[in-house]
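Chain nomenclature is as follows: A, B, C, D and E, assigned in order of appearance, with residue numbering initiated at 1 for each chain independently.
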């Protein structure tokens, strides 16, 4: 592969929601460049527009002005190309399907063979540590288990771009660490591009090659931090001064953007 | 007030779900004593039965064996007494009500006067930093904002016992810190009893007088840690060796309970 | 004024002109009666209305009245304004039917709802089965109109001389393209529109008196209608709330109905009664009535009324 | 995105569909009416060409299927050319049917909702009533309607009410079925929330079950109002078919006036379309007030 | 005569009490629970019949108006062949065929309308137009077009069942939540895939409502259609004929058959509903 090619490229992106009591400026003048193989974390206060931005990339929301390309195309074409896998902030599992069947859903739609489906479902169930729960229905699972099922569903079809909206929010530290390193391994192995929303500063720093700090209303990008950490990241890296320096910068960025002072 | 009186007292509590493919043992032989004024955190891997335990306290689930009393009564009578406020893991806002109206819902039901409702709605909106969003409908809010609205709803009617299931899961660190200290202040001021599910070890240690560590399938209590931290807790307490020691013990407890080794 | 409720057998049309005339011309009022005329319809069974107390007196055909009487609702004929039967089978000539024997193997349209008795009796007399076999006839429950004949879904259909027959003609089929079999001509005529009340109510002298007045005024209406058919038809039209009746049709109907009422002064003709009963009893394996009816008529009312 | 336009978004599609229907209709006019035309010609011993056949099929007095223009001429004649108070005016008859329909619909809706509420809240009612509500619907109403009318008459109820009650009898059922489902549709977690407040059944009903059932209610209302109209028309038969669209249909049918039948049918259909549309508008109003995401 | 009425009252009150007691108790044993669950409506029904019987005798209601259940039962058992023939004609031929076609058509049009916004704007108003084509007017026309036999009844049933299905399917197809749809969008799922895998499953609760409503509507339609022309067999034919003949017991025997058949039909639909929409809160909550 030659010079890393731009997967997401937003310029001057704005999005305003028209609501009953006036417009809400969810994104304003967002400029961002995500290169192939990047692991980009989005961090910012609640309601600052992280989800909205991911939804614009995914062609689930139309921007009001500015330009954005995904894989060099319009978001719509990228979507039609099945360029990405999306993990929603809420699990969004279909209640009439078992967990297994929920994970198989994208595979069915994209026309994978029956055996392939079975294989991948098993693999991803294993990956998110839900083996044995495949035959259960969503309402029979705990919140965290549902979230893991929805991660499995997005991973199953192996898209090159992953859009993950707080995928590990409802998980305990141990599972979270485990999934973090699994995700890193996956990313490293397959050269995926990942856009990752999180509220955990350590998580963002640990995972990312680039951290986007956003501030709220109107959602702006206040800082973009290129990580200087190596690609290979053992868990212990979290104690290094380099790591802590980046974390500090992120925290400062976050605080600056916050509307109320402590 | 005399000797702290027992708010939640579970003895040998078991709960088994009957599902299509066999029984799921969600809780087994849980013994726990929560005293008036306690701040109890529940921590444990995803799917270990934390939500289930809270639901049993709240009389939303019937235990299969063992005994449990809430405020000295059966959970049912305690519920009928409106003894607790419950924050669900998912926001569970009513989609046809504005945020304001959602927060006013318990107040309407409990027969608060119109002015009192208005006052409390405003107060709690302010508390969770959602002032100005009262007139919006839930789908017009971000995930974290919805979660805060649901916290506001549970706080609005000022119950003596709060059952909170990962209330701050979808919030960024800054907001989380803010709400943590607000919650502590509230707890300190009003002598409430709080049962709090969280995945964050620092949060658990920072907030609690007692930390319950659970292990999964069947959900058991593996460790109960009485906090030695003072009641007055500035944010800086999180750097003290005492704090770190407790956190370490929690982490060890968690790891022990975990099914897979890293 | 004394109230009387009359339940008709069918919708408002010249078939019931006498009653409308009597009401319109004030003949009932003269007798001190306040008469309410209730139109019937496709699923109104006048005996049921009578039994339910919805009417004091009803218009019904004798076969149905006698059959109902056997079922335990004691209907009594108190007057018989219609002397002759207007029912017939109308066939398309092109079917090749020229005599009743030709019916075999054909499809015939018949009215049910208690109106099938004359037909069934006739077929029994002819020895023709009605169960659809090759040597019998296939019977259709005919709807309200003459479409089955026009659409050639049936070889013959039931018609009344005063109504459906003319609809066939109006539809553009010429009389010479049709063959008709009048029940009257076939010797199986049964009595049609008569006035019936419940036996029990006749025990009450006041009621009897009321009926005397009612029959007297009604017959006056009928005679007026016979003499002034066009005016009578106009009166019927005025009373038709559906606004669907046409003047041409009602005037023609009145003309034909007048022919059927002409021979009657209201009193039941015993010969006609005997013939009707005989026809109905002779219904082969499944006769309409199984035994000679007793007390199914009274002449008291008409005797009194026509004094 | 282009701005919405009444012509393009509303009128044009309807016109297209209507146009397509008209074409098919005309074809069928010829197809269905031709046999009779041919027979007539044969009876008259006349040779006729196809174009003559076509011409005559469009001008038959008693067509199997009237041509649209015949129906519209009749409609025009009986609506515009007659005073609305005249019994020859279709507007007059439509009004009679409409008033029955609306009364029956209102009673049916109230009854249906009450039954659904009972069934959802009371286990005994759920277990024992529902099967009999269902059985009641399998009784062919036209068969017992005359008895009902007689009985009601004998207890002094007459006029519009008996007819409306028959209409009610048919229309309450879709409401019951829809509302039982609708009132039970709220998610477990939303019910749990009410449970934690120890809300009374009536609070749970008004604050949760009722709003949650709105999509079901309005769908049922659409079906129910259509069935109310059907019931009102059917109910006109056992009440003597004196007036109303049912009476028009019946007498049209009895006197073989196919065109009159079709005119009345069109009137009934038009009425139904208007009523259903009105319910639809009410639905979207309510949805908007409930802040549903567009 | 008042003995009857007193008995009716006493019977009613005690049966009611019994039922309340039965539904309030929870039975551990599964079979006992099942027995109780069927006993409750049965007791209710028997109560109705007993009250009916007593009222008829108590008030001396003429049988031509309302026959007593015992009389209907006698007629029912003595006319099995006729009833069976009528049942075949009306239920097995007209109702089932018409139901399948009508529901199928309503469903198909709803799908079509959903597929094309143009058709949605054009066809839906027309769909409203045919929502209440009165059987009184339609039945004679159908007899004219499709003949006297069951085919014309099928046509009437199709017309009656079409609209409830159309409305419910259209509404049901919009029942899937926004997020569920967004998920399908992210897969760039085709319209068909979205339909089959998301929108239909989400629509089933509504579709089943239509199927339930139609199960009884079809029966009414077929029976009433037979009032307007039919060969001399069929439940509607029998009912209209026997009313005219004052054989009201036979009328009620047919009605009883209709009620039984209709209830079983409905019951089967409801059973299928539980099976298909097991995930819906209304079913998961334990009762459908």
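Note that a residue touches a chain if its C-beta (ideal position, glycine included) is under 8 Å from a C-beta of that chain, and two chains touch if they have at least 3 such contacts.
For reference, the UniProt names are A, B = ABC transporter domain-containing protein; D, E = ABC transmembrane type-1 domain-containing protein.
Given the structure is predicted, the values throughout are model-derived calculations rather than measurements.
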Could you give the fewest steps needed to travel from subunit B to subunit C through chains in contact? 2
Shared chain contacts [subunit C and subunit D, defined touch]: E
Of all chain pairs, which one counts the most C-beta contacts? D-E
How big is the gap, in whole Å, between where the Cα atoms of subunit D centre and where those of subunit E centre? 18
Rounded to the nearest Å, the gap separating the Cα centres of subunit A and subunit B is 27
Where subunit B and subunit E are represented by their mean Cα positions, the distance between them in whole Å: 49
Expressed in whole Å, how far the mean CA point of subunit A lies from that of subunit D is 52
Counting only residues that touch at least 2 other chains, which ones in subunit E make the list? 65, 140, 144, 178, 227-228, 240, 243, 280, 284
Would you give the residues of subunit D that are in contact with at least 2 other chains, written as numbers and ranges? 64, 142-143, 146-147, 150-151, 187-188, 237, 250, 252-253, 291, 293
Sites on subunit B at which at least two other chains make contact: 90, 139
Between which chains does touch occur? A-B, A-E, B-D, C-D, C-E, D-E
Which bits of subunit A are touching subunit B when the two form their complex? 17, 19-21, 24, 43-48, 50-52, 89-90, 129, 135-137, 140-145, 147-148, 165-166, 169-178, 181, 199-201, 235, 251, 254-255, 258-260, 262
Residues of subunit E touching subunit D in the complex: 19-20, 23-24, 37, 40-41, 43-45, 48, 65-66, 118-123, 125-126, 128-138, 140-141, 144-145, 160, 163-164, 167-168, 171, 175, 178, 205-206, 209-210, 212-213, 216-217, 219-220, 223-224, 227-228, 235-236, 239-240, 243, 251, 254-255, 258-263, 266-267, 280-282, 284-285, 287
Spell out the part of subunit C that touches subunit E in their complex, as residue ranges. 42-43, 45, 47-48, 51-52, 64, 67-68, 71-73, 112-116, 130, 132, 138-145, 147-148, 151, 153
Mind listing the subunit D positions that touch subunit B in their complex? 187, 189-190, 192-200, 203, 207-208, 211-212, 214, 290-293
For the complex, which residues does subunit D have touching subunit E? 9-10, 13-18, 21, 32, 64-65, 123-124, 126-132, 134-144, 146-147, 150-151, 170, 173-174, 177-178, 180-181, 184-188, 191, 215-216, 218-220, 222-223, 226-227, 229-230, 233-234, 236-237, 245-246, 249-250, 252-253, 258, 261, 264-265, 268-273, 275-277, 280, 293
